[in-house]
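I've put the structures underneath this note.
Here subunit A shows up in two complexes: once beside subunit B, once beside subunit C.
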Partner chain A sequence: MPFQRFMEVGRIVLINYGPEAGKLATVIDVVDQNKCLIDGPQTGRQVISFTRIALTDLTVKIQRNARPKTLAKAWEEAGTLAAWEKSSWAKKLIAKKKRASLNDFDRFKVMVARKQKREIIEKKMKELA
Partner chain B sequence: MTAATKTPRYYPAEDAKPAKKVHLVKQNPPRIRKSITPGTVVIILAGRFRGKRVVCLKLLESGLLLVSGPYKINGVPLRRVNPAYVIATSTKIDVSQVDVSSITDEFFSRDKDEKKEGEQEFFAGDAPKPAVVSEQRKAEQKKVDDVLLKIVGSTEMLEGYLAARFTLSSNDKPHNMKF
Partner chain C sequence: MTVAGKMRQFQVVGRKAPSEEHPNPEAYRMIVFATNPVIAKSKFWYYMHQFHKMKKTTGEILDCVEIFEKNSRIVNNYAIWLRYSSNSGTHNMYREFRDVTLTGAVSQLYDEMAGRHRTRPRSIQIIRTGIVGAGSLKRANPMQYAKNAKFPLVHRVASGKRGQKALSDRTFSTVRPTTFFK
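Up next, the complex of A and B:
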């Protein structure tokens, strides 16, 4: 299967590591084999290593080295943030964070809820069997 | 040697030492970590009730925590517990209405007049003696729990939570878990 997500000008990336971890940015230029220049409404303009970012499915139509205002407008037009929030990748990240922040009582409530869900499903399965 | 102060006929063999200065040790009130306050739900980690989630009622003078199940929910009576063997959760309930002012360390002291040297008991061996709970303890338990149960009942699922034991299973990483 060929590659679907390319490192290109306009590619939206998720920063995985560093002080800006968790933010989205756009690639506006490629420096060399290992680094690119990113910018975006959420982060400042900076050179970042490929190992610190992950390519997403989203792109925006911009020219190389687009200025921040142009970039912000392009994000608006493409509806980047909304499209990102809809993706299951973003939803999974939020769920992971929520799970990590649960306290002991919350974990108990989750256990009870999963049990109830299981009982409903098993009951239905028995009927269908 | 004057006539007024003759050497006495008797004097002690050793020189009388001046009275030692009594160094009064000042006992500070016991300190406890910030996460444990009256009303915190607490997980007991060791002892007979390990794994039980109980309500912390107050800090006693000896530094131990006064804790109650409530008894009807998980079988833990009014009991003292060492705060070192306890995980404080962030779940807190309001126990300002619960009156535990009369319960101190003396409440838990053992009776001193237990004569166990009877011959019959000696030959009977180590058969487990039935635990006798004093009427005083039962009365205090009822007094405290009547109020506690109402407070616990007002929060959803809290009763079930206190009835369940805390356990670890695969994939649980206690150093990452928030309590």
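Up next, the complex of A and C:
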């Protein structure tokens, strides 16, 4: 399958390493083959390495070197945050975070709940068979 | 001269030490790139003694201040003219770098000269620097990124995946890292 996500001006990226990890940003300019300039409501304007970001499906329509104000407006118009939160990628990240924050008893409750779910499914499957 | 970390820009002013014959010798100002003020002053004397009959022991430094860049909000195309000596002689060179600061571009220059030509920092002399527009670039690499570039990021190891099993700090792993992203 051809590539669907490109490094380009206006691409929304997820920072996945470093102090800003987990935040969304917009590519404002491409510096060279390894780095790009990013900015957005969640992060400051900074140069970041391609290895520290992951490209998302989302884009916003902006000019190169857009100012923070225009950028915030573009995010608003495109509904970037809502679109991101709706994506399964974001949902998985939230679920992952929640799983990591569980304590021992919570994990036990999850185990019990999964057992119950399994029983219900098995019962239904037997009825259908 | 050592290069450890990022280069900084200094303005050094110096002159020959005043004597009874010349109570007011002419002062000279020079912009140099160095990692700290000590090296900046040393470079000043290195360059000055080639132009005028003065050196550290016969002169004095009047001022040495760091120059900070005002605007590091946008990516510029920096052109750098330099002179360097290799095993086979001295060469002049023109290079272009894209960066948000001039000092960043100069740091890139030192790294690249070391990588491509095995040039030590002590044998590089920066003659002139400048900013060029996208239309007047001469080198192919910055040209690619100076105008709206669009390209996929193919086969890479993302930092965010360092936690994954294949890239963990264990010596051996049973799985390969994922390098393909959409």
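Note that in this section the second predicted complex is superposed on the first by the 129 of 129 C-alpha atoms of A that agree within 3 Å, B and C clash if a C-alpha of one lies under 4 Å from a C-alpha of the other, contacts with A are read in each partner's own complex, and residues count from 1 in each chain.
Quick note on the criterion: a contact is a pair of C-beta atoms (placed from the backbone, for glycine too) under 8 Å apart; a residue touches a chain by one contact, two chains touch by 3 or more.
Because the structure is predicted, anything quoted here is derived from the model rather than measured.
**Student:** Let's test your reading of the overlay: on subunit A, do subunit B and subunit C clash or fit side by side?
**Tutor:** Overlaying the two complexes on subunit A (C-alpha atoms) leaves subunit C and subunit B fitting together cleanly.
**Student:** Where does A:Val30 make contact in the superposed view: on subunit B (first), on subunit C (second), on both, or on neither?
**Tutor:** Touch partner of A:Val30: subunit C, not subunit B.
**Student:** For A:Pro41 in the superposed arrangement: first (subunit B), second (subunit C), both or neither?
**Tutor:** A:Pro41: touches no partner chain.
**Student:** Scan A:Ala21 for contacts with subunit B and subunit C and give back first, second, both or neither.
**Tutor:** Only subunit C; A:Ala21 stays clear of subunit B.
**Student:** I'd like to know which partner A:Lys109 touches here: subunit B for first, subunit C for second, both or neither.
**Tutor:** first
**Student:** Rounding to a multiple of 10°, what is the angle at subunit A's Cα centre between the Cα centres of subunit B and subunit C in the superposition?
**Tutor:** 100
**Student:** Could you tell me if A:Ala54 is touching subunit B, subunit C, both of them or neither one (first, second, both, neither)?
**Tutor:** In the superposition, A:Ala54 touches subunit C alone.
**Student:** If you tally the residues of subunit A touched by each partner, is the higher count for subunit B or for subunit C?
**Tutor:** Of subunit B and subunit C, more residues of subunit A lie in contact with C.
**Student:** With the two structures placed on a shared chain A, what shortest C-alpha distance in Å links subunit B and subunit C?
**Tutor:** 12
**Student:** Intersection of subunit A residues contacting subunit B with those contacting subunit C?
**Tutor:** Residues common to the subunit A contacts of subunit C and of subunit B do not exist here, since the sets are disjoint.
**Student:** Quick check: in the complex, which residue numbers of subunit A touch subunit B?
**Tutor:** 100-105, 107-109, 112
**Student:** Residues of subunit A touching subunit C in their complex?
**Tutor:** Per the touch definition, subunit A meets subunit C at residues 3-9, 16-18, 21, 29-33, 37, 45, 47, 49-55, 64-65.
**Student:** Can you list the subunit C residues touching subunit A in their complex?
**Tutor:** Interface residues on the subunit C side: 73-75, 97-100, 141-142, 145, 148-154, 156-162, 181-182.
**Student:** Which of the residues in subunit B come into contact with subunit A in the complex?
**Tutor:** Where subunit B meets subunit A, its residues are 41, 43, 53, 89-91, 157-158, 160-161, 164, 166, 176-179.
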